[in-house]
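Sharing a structure with you now.
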Amino acid sequence: MATVVQAVRMALHVGEDRLGVTDIFGEDIGPPLGGAFTQTQGLRTAWNSPLDERGIIGTAIGLALAGQKPVCEIQFCDYIFNTIDLLKIAGNTLWSSNGQWNVPMVCITPVGSGIRGSIYHSHSFDATATHIPGWKVVMPSNPLDAYGLMLSAIVDPNPVMYLLPKALMRTRALPEELIPGEPGDDKALSKMIDAPLGDRTQWRAEWPDTPNLFVPIGKANVLRQGEHVTVISCGRLVREAMRASDELRAEGVSVEVIDLRSLYPYDWDAIKSSVRKTHRVLVVNEDTEITNFGEHLIRRIVEELFYELYAPPRLLAGAFVPGIGLADNLEHASVPQRSQMVTLLRELASHEP
Amino acid sequence: MATVVQAVRMALHVGEDRLGVTDIFGEDIGPPLGGAFTQTQGLRTAWNSPLDERGIIGTAIGLALAGQKPVCEIQFCDYIFNTIDLLKIAGNTLWSSNGQWNVPMVCITPVGSGIRGSIYHSHSFDATATHIPGWKVVMPSNPLDAYGLMLSAIVDPNPVMYLLPKALMRTRALPEELIPGEPGDDKALSKMIDAPLGDRTQWRAEWPDTPNLFVPIGKANVLRQGEHVTVISCGRLVREAMRASDELRAEGVSVEVIDLRSLYPYDWDAIKSSVRKTHRVLVVNEDTEITNFGEHLIRRIVEELFYELYAPPRLLAGAFVPGIGLADNLEHASVPQRSQMVTLLRELASHEP
Amino acid sequence: MSMTTTEATTHGAVGADDTSIAPELLLQMHAHMVTARVLEERLITMYRQGDGYFWIGGPGEEAFNVPLGMLVHKGEGIAYDYLHLHYRSSGTLVALGADPVDSLRQMKNTATDPYSGGRNFGSHYSVKRWNVVPVSSPIEVQYSMCTGTAIAQKRAGSKGITIVQGGDAGTAEGDFATCLVWSSRKGHESPVLIIVTNNRYGISTPWEGQHGEERVSDRGKAFGMPTVTIDGNDPETSYHAIKKAMDYVRTEKKPYLLEVMVSRLHGHSSASGANFVTNERDCLKDFEAKLEARGLRTRKEMDEMRAKVTQELLEASKRVREEPQPEGSTIYDHIFADKNYVAGER
Amino acid sequence: MSMTTTEATTHGAVGADDTSIAPELLLQMHAHMVTARVLEERLITMYRQGDGYFWIGGPGEEAFNVPLGMLVHKGEGIAYDYLHLHYRSSGTLVALGADPVDSLRQMKNTATDPYSGGRNFGSHYSVKRWNVVPVSSPIEVQYSMCTGTAIAQKRAGSKGITIVQGGDAGTAEGDFATCLVWSSRKGHESPVLIIVTNNRYGISTPWEGQHGEERVSDRGKAFGMPTVTIDGNDPETSYHAIKKAMDYVRTEKKPYLLEVMVSRLHGHSSASGANFVTNERDCLKDFEAKLEARGLRTRKEMDEMRAKVTQELLEASKRVREEPQPEGSTIYDHIFADKNYVAGER
């Protein structure tokens, strides 16, 4: 049962082994550490960059222009905000050159709260990323999607932003999320691909033989069919949504749970079908609630499906405050809680027009 | 009849003369040019910075922390995107220090299309700015508001982002937008405060005696009362909305026109009253349409006023493309056009639930 | 006592300096270093015991950071020095006179934490009355902001200077260059003491392979500023070097680049385990050996001092554990200064 | 002929170099310079006549930019040189063999503009088959991106190098430092020829008062790279200096910083009027005087050449005026490569 972080590492291995990845780089990405979350341990093409996010994104663009396949990382998305101009360039180079130069790079960045990361290790990046044209944006919620979305990101000829929920790093696969080829046993997998403590200079990873399994970018995962209300989410909050749905099931409320997986392009068909079925929708994400990507979804739902709606669509997002405070009370008051989901879903489900 | 750019200049003069402004700085802000749009000609505290946006925002924060009152400029908002992390810091310093340090700075930046500025002189910044907590964000649509919002921005103890529509720079005041104290005559004003061509070393501006007239941040301007449909806009598109409303008046459609003036905090009361009256609403802005500030307004309208709505609220915003192309056809296809406003407003007005 | 520098500046050597430091001052320095060290040890223990979520700090930098704090022209406003520090500056805060218990409060994210009210990580100081501007986590941004306070000071003809400090790896960020460029503009130089504390590591990334420059301080040379690299493991060297640099900045109103070689005695942070490393110089140990050799303090006195502070902070940490946590509803406080301020409405 | 440099590099002087340039090469250089100059004049006229919305370009830089283009190892892919240029590079493009008429097309934002299809401002070149990566308007970002192509070239053991160019004021952006830092990492140096074209101005902001450094090239010294500042108004000096720098970068696979003093003969851009300035050296005029004195070309021949190109471009501009504009609906083209690509679905 791979964890999310192991799944990412295995996918990156497949990337460098047979999908053409030439460089996996960023701060502390190479030996000895192999990533702040161990996500790049044992990878042949991983290297440590200078502590310079602008250099990281810039170099990735340059590598991509030179026909390489770079996967770069910004250590925490909290530190990506000095590179937005460069991300915009990565996203507009093909367009500006009228189709001449594409920029096939992947940028991984850990996002979100849930590790008691305080003001600068809790940021979300989905609002900002989805506002940059020319990028595809994905966010996995489990190991299998983490694996399959990474492979898709790697082979995509366009820039792909891979948002990796920090709080899920050590989340293990559920049985249905097993990556084909990985040993079922946690310890066995760890022994194969987790770097040992202490001296690692002689260590080499022993990679399980995992397949080219692509989770297509742009396709949502309807995790649970439901009748009364739809919840649309992604990343860390998907499991919270599932639990909220479990709680409500006991009350007889049937919740459809959609894991977007791709934020751009997003799966409008899945959203549309679901809203047409349940007529009630809650969108949940962690980013702050003003000029939020969930507001885009709601706007489009209202625009195209107004007469399908039996209740006003709702957004549950991060409080519009300048940071997520360290103390638990502060964090909990700042980001969506399951109890809030339950309340809102219950309200929505019982709402009649 | 001051133009917008003259109004800004007069306001900055009042700022440095009697509201405590200590520094007006940015690229080409000081002599000899006095700003790419002449907005800072003749100002005593104006100085040229290095060509370094990060240094500009950083220095403004430092000056503000030291109790100064800096007004900095990013020459075009197209070039502000490497400073988002610093803008976030300006917005979170008070919060992070639990109330110790406020950051009383103003950042001016020209925004929007309409000057055939191609990919890098046509950007909007309202989606990004409104997503940064801790900032107030304003955008004038005429000389009087340009003046009054600038004075309010200057005396505000918080960071204020002053978005200045590029296409309006040379727009002259309508009679009701006259700034008290300015000579009614264009030539007379120009002679007093516009720097002469050629050698300017001996030139000094002669400032008209204009008052401390504050356009309050957070208050919209209901420019025209209407009955059938509301259009909410700001900046350059306000006059377009007025013209659209003129056109529709002929057809018997009565359009209420709201000029937001402040994007954050925004005037929810004005929006609410209007929607309660017309039951139909169009939000218009130039920024690209995914994760757009107008989507926030629509989300909130839907959330709080769902049963007031006789038609799905609509957004008219910039196309989600990586840039605004130079050729007229491209620009027109990318940013909201008056004809589109007319069509949408007409559709909305005739829409019955 | 003579000061050792690994390199002499090109602008007037910081070489042998025979002005010895008065014994009382040395003893005070030592006391601060002990407090700072014990404070960091306590914070690490708190982290380990679940009384904090993250630790980062400055054990191994006391021999520089303490003299720095002692030499600051301390106060509020542009007449005084501004400090743009980073997360390894507890020694400086202790020397300024900060109560170490307040650091425990921030570690435990209590509402009583005077630096951030339980909002920010430990060692993220902010002291308005001493011009310690808020430490923020993003590496190197302080270098882009510090010129602002310096410009204000220069304009006011103030004696105050601006001090900025950060790590070696962070100098790869453009903000470090911004600081060099802005502070050295000819005719508009600003009084910034630019400090780089070089422990030869980013988080896990060694200096080797990341830098083309032999010394960070070399980067100041092109900008015509005095530059020096010193051994920050020796508090006397540090004291003299800081004093010399400060005098220059205060008098000339121009920038000065000071690189300081230091140790990182508990690794990067709790993220890397925070264990004591044995292969780096321990400035406190070395200094204590010197003090003992010079007969200024006995081993026994020093052991007692340390035991006393250790005990005090242990007890304090228990009290802090009982102090209130901030309420969730307070997240909306301090988003804006003067919350309902609307110009023209009063 | 001997080469004049305003300063000798610290690493092996670029001093007197007696290798003279073959007359045919000089004549070819001259021809390119004439074409480039006349092209800029035509573009300015087009702007004035309303056949374009904005002009920016490189008149006054031909004596450097033309030799640069001539010396490029031209082709597509990592075996060849990559060019990360800015908006004053028409001389380089002409020397590479670009059709000047294509520049008129971009000026007139026609659908036929091969660089951007009428999307971008004039002088924003992009030529895939010659590794000219898209010029983008934000100042200095090319310096952060160029290390990417250089790393790829070095890894491939290619003869190709990466060339990056921008202005003097822009070196204040952190991206310039990023380039110095990344290209010089010890053991990981990358083959970048770092060029700064110094015309002593930002838009309206003079060099004086903005820079602490005497020369931009000094900033490379701390990073251990060869640095030189040359007189870019002399094409022979430029040719030798570029060749020497390229040889070094190609052979050593390490960075080299070349600062070039140039003129700005029509001001910053159309935003500042684009009038001819009379107080700066005109490299074309000077070079023509030399060619005449050396008996390589007569005044009459040169006048005829210029008249001919002028006439050709005048006629071309009329034709270009009739070429189609891009359709509005095309804004959705080229947002994504392989528009409907979904991994795993084919």
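Read from first to last, the chains carry the letters A, B, C and D; within each, the first residue is number 1.
In the analysis below, a residue touches a chain if its C-beta (ideal position, glycine included) is under 8 Å from a C-beta of that chain, and two chains touch if they have at least 3 such contacts.
Because the structure is a prediction, the values reported are computed rather than measured.
Chain centres computed from CA atoms place D at the largest separation from chain C. More C-beta pairs in contact connect the chains of B-C than those of the other pair, out of B-C and A-C.
Centres computed as Cα averages put chain B at a distance of 41 Å from chain C. Inter-chain spacing, taken between the CA centroids of chain A and chain C, is 37 Å. Chain C and chain D have Cα centroids lying 45 Å from one another.
Of all residues in chain B, those that touch two or more other chains are 50, 52, 54-55, 79, 82, 85-86, 92, 94-96, 119, 133-134, 321-323.
Chain contacts: chain C has residues 116, 119-120, 136, 138, 172-175, 178, 181, 185, 209-210, 335 touching two or more partner chains. Put simply, chain A touches chain C in their complex at residues 27-28, 30, 32-33, 36, 48, 50-55, 78-79, 82, 116-121, 319, 321-323, 325-330, 332-334.
Put simply, chain A touches chain B in their complex at residues 54, 79, 81-86, 88, 91-92, 94-96, 119, 127-128, 130-131, 133-134, 264, 288-296, 298-299, 302-303, 306, 311-315, 320-323. Put simply, chain B touches chain C in their complex at residues 22-23, 50, 52, 54-55, 57-68, 70, 85-86, 89, 92-102, 104, 133-134, 136, 148, 151-152, 155-158, 213-219.
Per the touch definition, chain D reaches chain A in the complex via residues 77-78, 82, 84, 113, 115-117, 119-120, 124, 126-128, 133-134, 136, 138, 141, 143-153, 155, 162, 174-175, 178, 181-182, 185, 333-338, 341-345. Residue ranges of chain D in contact with chain C, taken from their complex: 172-178, 180-181, 183-189, 208-214, 218-219, 221-225.
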